[in-house]
Structure formats: C-alpha cells, structure tokens
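This is the structure I want to talk about, given as structure tokens.
Naming follows writing order (A, B, C and D), and every chain is counted from residue 1.
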C-alpha cells in the first residue's frame, strides 16, 4: 500500500482514527495501536477544573505512541466559532492541521455547507492545512478543494449512524474528480463499509465510534485495518464487470466420463 | 483467525478458490499463493487428446503448492450426471470431497433445488464429503444440512455476475441457523463483497473469476485475503448498531476558549 | 389495464387480496371494495363452536360483494396436509382453485420447496387450479409451471415483513420467463412495493396485512389499487434507461437575453 | 387527494411536469393532458430567427390547455445569470414564479449550493415566488426555506439519470422538517420512483424526460399520475412496520378437518 500524502506529509496508514466514544484511555490506546493509524483527531473542549489530565490525557497518549494529532472543531456551529477553535487548537497542539467541522445543528450533525466554505477560506488564508468534514455533494467537495483545502472528507452517512455509504455514486464522483486526497468521514459501521469506501476511490477512511464503541474495539480496529488494505488493493486490481447474466467459470461443454477425463483449468 | 474445520479437516484460510477463468497456469499459481487458500475447486472435463497436461496441469500445480483439491461437478445438469461425475472425480483425485453442482440450465447457471437434494443424499450415502452449491433459500440450505452435507454453499448472486450479495437477509438467516460451515459461493465481485459475506456470518468465501479475471489477479487475491480476515474479525467484534439519527462522537457541549481548554477524549 | 386471465378466468383487477389481519369483517369489507379486487384468499381453520359465523363470515361477505374466493392451505407444514386441506377447501367452497402453501416452519414462514412441488403435482393431477406460494428462486418457479400450476406466486420478502421486493433481479427473471401469470405474493409493505413488482414484470400482486394492518386500511387499499395500475402502465410504456451520467432535459446551449428570447420546448 | 398549495395557489395535481425531451409539441400536449398536471416548467433560450413559434409554441400550448407555466433558469451557471434569466422570464411570461436552477457544470448538472442560495435571496427580495432545484442535503434545503423560497425541490438523483431516489433518508429528512412544500425534482425514471418519493413525505414530484422520452409518453404520464396518487395515499394510510421476522397473516394454529371446518378471517 503506497503512502497517503497530505500536504506533503506521508502517512503509511490510510486509516484516520477519531478518539470520541472510547471508554477509557487504555482502551483507546490499544485500539489506536491495533488500527495502525498515524493520524488521529482530537476534540477541544472547555477546561474542567476537577479533571486531572496531564500525562494521562489523549495528547500525551498520542505523543507516546507516535501518532500525529489532528485537532478538530467539533461542537462549532458557525464559521466564526470554528475559526476561533482552530486557532486555539493550533496554539495548544502546535500543529497547523485542522479537521474543520461546521455543524448545522446538534440533531443531524450535518455540515453547514455555506459556513464550511467560509471557514475553510479563512483558515487556508491563515496558513492552516484544512481537512474539512463535508456532505457527499460533489460540487461542494470541488469548491472546498478550490479554496485550498488539503483534502476533502465527505460523509458516508450521518455521524454515529453506522449506516455505511448511503450514496456510493456521490462518493465515487467526488473521488474520481478530486485533485486532493478524499477521506470518507462518518457513517462507517463495519469493515465492509471501509473496504467499499476505498473501492469507490477514496484515499483513506476516518472513523471513531465504529471502533471505540464496538464490543471489542481492538478487534474492530484490526478489522478496519485489513478492510482498508483490502479495499485499496481491490480498487487497483481491476475488478470484473457486473453482469446481469451468469457467466460460467468452469467449463460446461461436456460431462466427464471414465477413461477419458482430465482436470480442467 | 481460527481455523475453519470442514469434516474434521482444519483449514487456516477461509478463502476457497476456484480455478475457472485463469489465463494461464502460471497466473493461476501466483494468484492461489497470494490468496493464501488451502482448498481449491477443480472441474472435470472431457479429455482433449491434443492438449498436453501432465505435470503442468492444475492437479500437479495444487500438489506442488500444497493446496487440497476439491473436485466439482460443474457442467452437470442432472442428479445422475453429478453423481457419476463425483464418482469419477473421487477415483481420479483420490478424495472423498466434492463440490456438488447440479445446474438447472446453462443460461442462469442456478442450482436445481430438487436435483441437488437428490444428488446430495446419494453422495452422502456413498461416503462423500459433500459441499453443495445452492441458492440462497434458508429452507433448502437446512434440508441439505439435514441430509448430511458437510457444509452449505449458498450463492450471493449468479455465477460470474460479480453482483455481490443480492439478498443479505437470506445469507444471514442461513448462517445464523446452520450447524455446518456456510461458505458464500458465487457472485463475489470485489473485496467488500467478501467482507460483507463474513460479516453476515459466513464461515468462508468461495470465489474464482473475481480473482482470475481481474486485471491483476495477484493483487485481487491479496485483497480478498485481507477482506475475509477483515470480515471475520468484524463479525466477532460486536459492531455498533445502525441508527437513523446521528450520534455525536466528539463532545458538543462547549466551545474551546483560550486559557481554559483541554483536549477531549 | 387488460384483464388478468388465470386458468381462462378473466379478472379486471390485478390485485389479489388476503383476508388475514383484518380487525373486523366490516373493516375487511370496506378495504376489499376499495381495493377493487376480484379474487381474495381465505384460510381454513378448525371450527370453533362458540363463534357464530353464518352470514357474517368471510364466505358470506365475499359472496355478497361478488369477489371470487381463493381457499389457501395456510398452516400446512407438509405436502400431505396441504393436499388434504385443499380437498376440504374444494368441498367447502365449491371451487377447484387453491392457493397452495406448504410452509417449512412457523418462524420463517418460508415455503418448503420440495414439499411444494410434491403437493402441486398431486393437486394438478387431481384437477385443481393451483396457485403456489413460492420463494423467489427462478428455477423452482419454472418447475412449478412445468408441473402444471396455473400461476406462480413468488415472495418479495417474508410473509408479514413489509420489506418489499428483496431481490428484484429474481422476480424480474421469473416474470421474464414464465408462461403463466406471475403474482408477487408476500412482503409488500407499501404502494411503491406493489408498483415496483408490476414494473419488474409481474402480472399481479397479492397482499393482505399491508392493507388490513395499516392504520387506515381503506386508504391503503386504494393506494395499492393505484399502485398496481401505475406499475402496469409503467411496465408497458418503455421507461428511459438508467444513466450513470446526467442528461440535460432543458437546453443548456444559451442564456436568454432581453429582446431575443423564446420559450424552449 | 388534497390540493397542493404553493404560494397560496392551490393545485389539484401534485405532478409538476417539465417539457424537455419531448419529440414534438403534439406529443407533449398529449402527455401533459394525460399526466393531469397543472404546473409545467418551460425553459428560456436564445431566439432562433429561422424557427417559427407563434401559436405552435409551448407557451401557446400551455395557455390552450390551461396549465400554469413555470419558467426555469436552466442553462444558468452563475447566480447572476440565473437572476437575469428569471427577470426576463417574468417579463416574457407574466408570472412571478420561477424554477431556480444554478447549475455547477454541464457534466453533472448538479446545483451549485452557494450560487443557489445567493440567487434565491436576490429573487425573493425581488418579489419572485422561488422554487429552487437543489441537491438532497437537508441543511441546504432548510437554508433555502429560511431565505424565503416558496418550496424546495431536491433531486432524487442527477437530471436525466432515471436512477430514482438515491438517498431516501435525505429526502425523508427534508420532507419531515420542511415548512414549505417539498417537490422531488430530477432522477425519476419510472412510476415506483414517484410513488416512493411521495411515501417519503414529498408533497409533489417534478419530472420531464421520464415521460417525454419514454417509448409511450402518454402511457407513462398516466402511470405517473396514478403513482403520485398511490404514494400520496400510502403516506397517509399508516403503513405496517418493517419486520426482520415473518409474521403470519393467516392462522397457523390448526389444520382444517372434514366436518368441523370454517373459513378463517
């Protein structure tokens, strides 16, 4: 599997992980390691005085296991808040990279297309490496690329739904045209969803709860790792066409008879 | 991945390969090795005097690379022909195992349910280890198990169609109830199809042209190997439920502010 | 809409109704009339002494509104019981017609393919007009036609599931090849399911609970009547092909300008 | 079927027709009449001096058969052009109503979400009754309503594709939340697509080539009329739930016996 290069940074894993939903830091660490990821999103939230964080926090965890942190702007409902949060994240995490989320409302958790483009433009001008979480509209994806985003990250289906890729044609259309990496973000529920995303032409898959909320997160993380590899290879192996009619693979031109048989290829 | 045991024979790979459609023995060998398979179907056909076979045949190939041969009865349109062919295969190949096909016609290549049960009963009485290629009817699958088949091998979609799993509920129902291994046989077109079959509860996947007729058979063989592993693990990791509503993975309860922020888990 | 002819009997409606699930005879009557059906299945069951039936029974109802009764063999788990029940139904109802059900078990309610063929053969020899409830296997459908059934009635999905047509290709294949009427039986949940079945080539649709258990059975009966008509016409109107690429319907070759515009066709 | 009210104008038909793709004005007229539509889109294009229009044009046709014309802005790739075209259309057709299209490119024919909102805002301020053709993003649909559109018209799938409703959950979500009529626009290929759109909660369906390019446009127009009626009723009849398990409609609690049988309800 070739490296995935985002903003000139090569990544050996095409699985981007999220940290949301993990039951504990220990469980999270095991799952992250099992996934093989080299890029993991982290959310910023209000400081809670009573909670000790220090070395036990996600930040320290990622540093220890050598995974690059990707601050996100989860919880931001306007372009203004997302831009502010991104800047705080840059300061706090020492990275220009940001997973940009501008969420329209807290029920659908769908991106706000207009706010997203506005925030992306601002952050690109501000020197950020912007990876926007977007819907599966090929036109919006193109626009985000045009304003300078380093990747586009369309949803398969709503965040946390586990419904997989709701509209495969849209994802395929986005991937076919994009000049930057396309990472499916949101909706993955199980391994075949991740494999399908790669087969549709995605360059990577981002997921969180599919692993962190699985009964056995480590096993699901491993499944996702295999699935991304499987989909990556399948996308490049030249699959057989879909046919409405059956097509024999074994010869049907004769029946074996004693004394004159052979094994067919 | 635990071994797959059929008729008390353990197999480390859950990918059963077919040989049909390969462009050459050399290409076939590379693909078989890349797939990791330990069980491969071979068809019997009329002896063609002009064709040299000898050591270069499929039979010799499987012996050399240490893969167990599974003679099939492809090309048989009646229970009688299938039973005859199975017996010739046993004699020729020195194995009691048979992939039983009783094909209804050469257009649909669908199994004939009545002929299939009849041939299965005869062959089981005759001491064969019978692995029948069947449609995706849960009732027929149960019947085949009841008459003593060592596994049941329902189709995902018609042979050579590459349409994947047409009716996932049927495959899931067959796997949920079966007391013998269930191996998806026919219809797999790409890696995500194989992963899905395993996630639905299948114990293995049988495929031929998806690999042999891919542009790059070795790469697709490898993709299938990863996909089966991915689906196997995903099926056992306890996937998240499908939800019609979105569910936040990252906290949405606050906006980060300078001076009092922290990284959220 | 042309008449549907089964065993030389013309029916103006292509909607066959079932009576199961109705909350009362009155509600049933209203729904049957709204549906426009001319053929309705009735189940036979043990006589319950405490229950007054007489003129208020289903039988009397159908006679009164002029709908032909189609006795079924629901509740029969063997060919033998189905044949016995069919004969009792013939005696009781004075009709040679029978909807043949041989159910494999009371969980899946799926047909038993072997018992079904056996019972069909017996009943055809016995002079019945046999309309078998079958799975969606094109080979079994063909076999049922070959043994002399007057129609074949494949399921869309399991009885009472409301899941619609699970495998459209199978239904289309059955309809394309059949020499007798094909009536989709089981699985219809809503109007678009019925329209789709007709578009796939079915000659009629049989349903019960989709109407009888709807909140407003009369309204759903009317919806089904329209849907069958819609699907019937659509199947004969030569639909546009499915295209992976968009295709403009309105002209995109120019922009209107004041002074020289016209309305485009 | 209750009237569909858009901008206080009641329409008895919930089928909005387009004129694109018709082979002749005569064929178009027959199809429009068969569809029962009361609202039909017309495109504006450059005046072609050699072409006689006069009484034989679409405009005269709609006047003659008493169908309200809905000028569209097809062929406009920017908000500016769309606004200009809408104003010309108002002048030419004497109506404030406009079907607003701002197309991103002439390959996908998908709407440009940002240009669409911009043009809609301008036209609403300008006193137009704006019916925008939009993608299936629930957030964009809400935004269009918020800026004052009189209806929202999300696509089922790309224009002219005939692929039906690609993402039913999105259409359902748009319809569930909208405070203005929702009309599925684009992608309908056959009658069941139209029925499904109505079942998902749409208030109407707009289609052109599905009828005009069918082999028999009049028959398909009639099919669509029935389908919209079927879907409208089905959406209001309270459909049965989807069940993963079968549910008997007929009694399975006994077998009929001679002398003590009765017809079950």
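Simple rule for what comes next: contacts are C-beta pairs under 8 Å (C-beta built on N, C-alpha and C of every residue); 3 or more make two chains touch, one makes a residue touch a chain.
Heads up on the chains, UniProt names are A, B, C, D = Thiazole synthase.
Because the structure is predicted, anything quoted here is derived from the model rather than measured.
Distance between Cα centroids is largest for the pairing of chain D with B. In the contact between chain A and chain D, the residue numbers used by both copies make up over half of all numbers at that interface. Inter-chain centre distance (chain A to chain B, centres taken as mean C-alpha positions): 30 Å.
Averaged C-alpha coordinates give centres for chain A and chain D that are 35 Å from one another.
Inter-chain centre distance (chain A to chain C, centres taken as mean C-alpha positions): 45 Å.
Residue positions 108, 110, 163, 169, 244 of chain A each touch two or more of the other chains.
Viewed as a contact network, the protein chains form a single closed ring in which every chain touches exactly two others. This structure has the following touching chain pairs: A-B, A-D, B-C, C-D.
Residues of chain B touching chain A in their complex: 18-22, 25, 28, 41-48, 51, 53, 57-59, 69, 71-72, 74-76, 81, 84-85, 88-89, 91-93, 103, 106-110, 158-163, 189-196, 199, 208-210, 212-217, 219-220, 222-227, 229-234, 236-265. For chain A in complex with chain D, the residues that touch the partner chain are 104-105, 108, 110-114, 117, 135, 137-140, 142-143, 157, 163, 166-167, 169-170, 173.
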